Amino acid sequence: MVISPDLENLPYIMIKGVKYFELVAEPVERELLPGLWIRGWGYNGSIPGPTIQVYPGDYVNIRVYNALPEGTSVHWHGLDIPNNMDGVPEIQPTPLIRPKCYFDYHFKITNPPGTHMYHTHHNVAKQEMLGLAGGFIILDPSSPAVDRDYFIMLQEFAVKDLPMGILKPGSYEVGPLNDDLQFFTMNGRCFPATSPLPVMFGERIRIRLANPAMKEHPIHLHGHQFIVTAADGNGIFECARMKKNTIAVSSGETWDIEFEADNPGNWSFHCHIPHHSANNMTKEMGGMLTVVQYCQSRPK
Amino acid sequence: MVISPDLENLPYIMIKGVKYFELVAEPVERELLPGLWIRGWGYNGSIPGPTIQVYPGDYVNIRVYNALPEGTSVHWHGLDIPNNMDGVPEIQPTPLIRPKCYFDYHFKITNPPGTHMYHTHHNVAKQEMLGLAGGFIILDPSSPAVDRDYFIMLQEFAVKDLPMGILKPGSYEVGPLNDDLQFFTMNGRCFPATSPLPVMFGERIRIRLANPAMKEHPIHLHGHQFIVTAADGNGIFECARMKKNTIAVSSGETWDIEFEADNPGNWSFHCHIPHHSANNMTKEMGGMLTVVQYCQSRPK
Amino acid sequence: MVISPDLENLPYIMIKGVKYFELVAEPVERELLPGLWIRGWGYNGSIPGPTIQVYPGDYVNIRVYNALPEGTSVHWHGLDIPNNMDGVPEIQPTPLIRPKCYFDYHFKITNPPGTHMYHTHHNVAKQEMLGLAGGFIILDPSSPAVDRDYFIMLQEFAVKDLPMGILKPGSYEVGPLNDDLQFFTMNGRCFPATSPLPVMFGERIRIRLANPAMKEHPIHLHGHQFIVTAADGNGIFECARMKKNTIAVSSGETWDIEFEADNPGNWSFHCHIPHHSANNMTKEMGGMLTVVQYCQSRPK
């Protein structure tokens, strides 16, 4: 299983060979930092939404309820599925889901194992920047190639009524059309509220990064080099894999990286853009940053 | 031949083994959306300029007339040509073309087949952001490897006197030094005014992307994965080609991608940055977005 | 040796097999353009700091004095060193160096030859954007693969009290939290104050690019294609090396490129973003731009 720190996995029930999932697109309050909440839009009470995990060949039915005050749709970003399930109502025979309505997206997983996303594809300038996105992972049914496997979604938020340079507890409405971004999140949390990524010495670690938002985020790992193993859910040929310590993740991209846990300690893993590793331009380390944390005993 | 939707190809006449082209750098009004025009600078009445297509080994003479109110030059971006034809008058023995004057750029095509650009290289912060750029393609004289071959230039524009959030027909002067970009174009059009890219089931499709402007644009294809086959006009070794569904195109870069048309429908092909797939931050889908459109009968 | 135009190399003394270096983090005035100075923070009187050059297997001790008015630390970006030397005091057993204090970072170089950086890792939104960064190069002890080997650090600065569009001699305080960047530098200079990169016909040239700052800078070379040979200090497999003419360097990344000097002249080498090859949005060519300059006789 892939672990998405600070997020739930989306449960399903299996009926006659089909995996049934349910997503509710709805207004969500998310606690980015202790006592500091944003009021945006998400799925099932979460920004980003819960992570969906399936296997190649699965038949899935994902019922999407719209509890938003305007129409929405879901695009299964990176999946090669039929046109009428792709979620772009302006140009495809796929519905705009009106408020209080639902639609059953149903398709077979034909892509190989890999890291993908789901997100709104209606009024995206507003809806995506309010938070309507989540992870969609196609698991590898063969024995795992890694010891730990993490998923992290990168997002950014501008909020109303909180000037730059100030961190004050409260609940702030997201301003989705504002380009002066203030909060930079991993799975909907800012450091130091991001849960660390526990590892044990000698393990092989995979981290899957996904970006549904505005900015390119070059994510830097301290103390290790990693191998870039997959791009947008597609494996990279062994001979073409780059060894790096910083991977630039642009909007719409997913990248999988892998490394050996061979250097004990607490290691920063963060967006290298200086203003993105702070919270609303304040002094303390924050933002899109988490810690790869070596544990003595097996983490749960 | 490569097709540049919504653009002309630049014609030439052949005299004694030399291909003669003519470009006029001039103020241009371009209709981005029905009834919504920008007043910028382009070539031969077009923003971006007409696409130049040549073959390896060609001798070309490109006469550039300057009908602008200030000096200009043309840089043949990506071409390995002599220094005095490279178009950077500040540091090279290549002229600044003054208003009402012209210069004959003449050189042999020594690069292999690939995707390049031409654009101003004088007062670039202003002139490039007014629109002075176009495609320069070196065709492959051997039998075509693909069934359809498209070229798309990515640009952005800020305009004066049209506040964010409003779409009103009219003709607006481009503000080239303004970083609050409002319109995101493919070949000088915003969706829904972009012409679709017709394909037929079973065909192999190439799309060539070129970015002469400010922002990185990660272009996402729905319903398919593509192979990244060339970088800045240079083929990528087969074993190093990545399979992706989103390709980040930075300023100065060109990327060629190829895919099999194996999933019928209408498929969005667009910059994934949420604010870039809208027109001036309005609600409807727009901006740097076009449609890969499966046709039943052979498109012309 | 690697040449860092417009920068010094950091000297060392060898005592009992250990190379001792000294860095002083301090307020620095740097002349970006003739008569135009910025007041930021740097190391040893320089923005960026002097370049550190070592060999694999070296034992180094780098004493960092803090002559700043607030605490700081140094992160050895890209190096696989022990956790207590990594310079992130918020999460590691590594000190915050208080004003008027120092710390001895000491470690063995275990990475292979490659291009890395050092920079502050405290209050980074402010300190990194004031200029606290420098190059860290691990040299190849075997015979050199190239004839000339250059290092260029890319930075950006916003300043106070100088409106966009004006270039006036003076000394300006850097505004590190301002996103409206005005000056784009290579090794702390803007064109035309950047020292050119001399080459001779027939030579093989390497340029190492490093970005510790905010923006992605796609660096374009005129008149040549180059091979991308290393990423973040790690060699790229021969079969995976791309030929390009523009390399996008994101924050936290380093890239090494190599090319044959086979096309004489003066060739622009610059960030392709239009607003970044100008000085504070003025008309003349400027900013993050230098010249690859073919020399008749051997440059010193």
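Note that the chains take the letters A, B and C in the order they are written out, and that residue 1 is the start of every chain.
Keep in mind that, in the parts below, a contact is a pair of C-beta atoms (placed from the backbone, for glycine too) under 8 Å apart; a residue touches a chain by one contact, two chains touch by 3 or more.
Nothing here was measured: the structure is a model prediction, and the numbers come from that model.
Overlaying the C-alpha trace of chain A on that of chain B calls for a turn of 120°, given as a multiple of 5.
In summary, the pair chain A and chain C forms a contact in which the copies contribute largely different residue numbers, shared numbers making up under half of all those used. In whole angstrom, the spacing between the mean C-alpha positions of chain A and chain C is 32.
Contacts with at least two other chains are made by residues 216, 239-240, 248 of chain C.
Residues 164-165, 180, 192, 216, 218, 220, 222-225, 239-246, 248, 263-268, 272-275, 277-278, 281, 283-285, 291 of chain B are the ones that touch chain A when the two sit in their complex. If you check the complex, the residues on chain C that touch chain A are 75, 77-78, 80-84, 86, 88, 90-93, 111, 121-126, 128-129, 177, 179, 212-214, 216, 231-237, 239-240, 248, 250-253.
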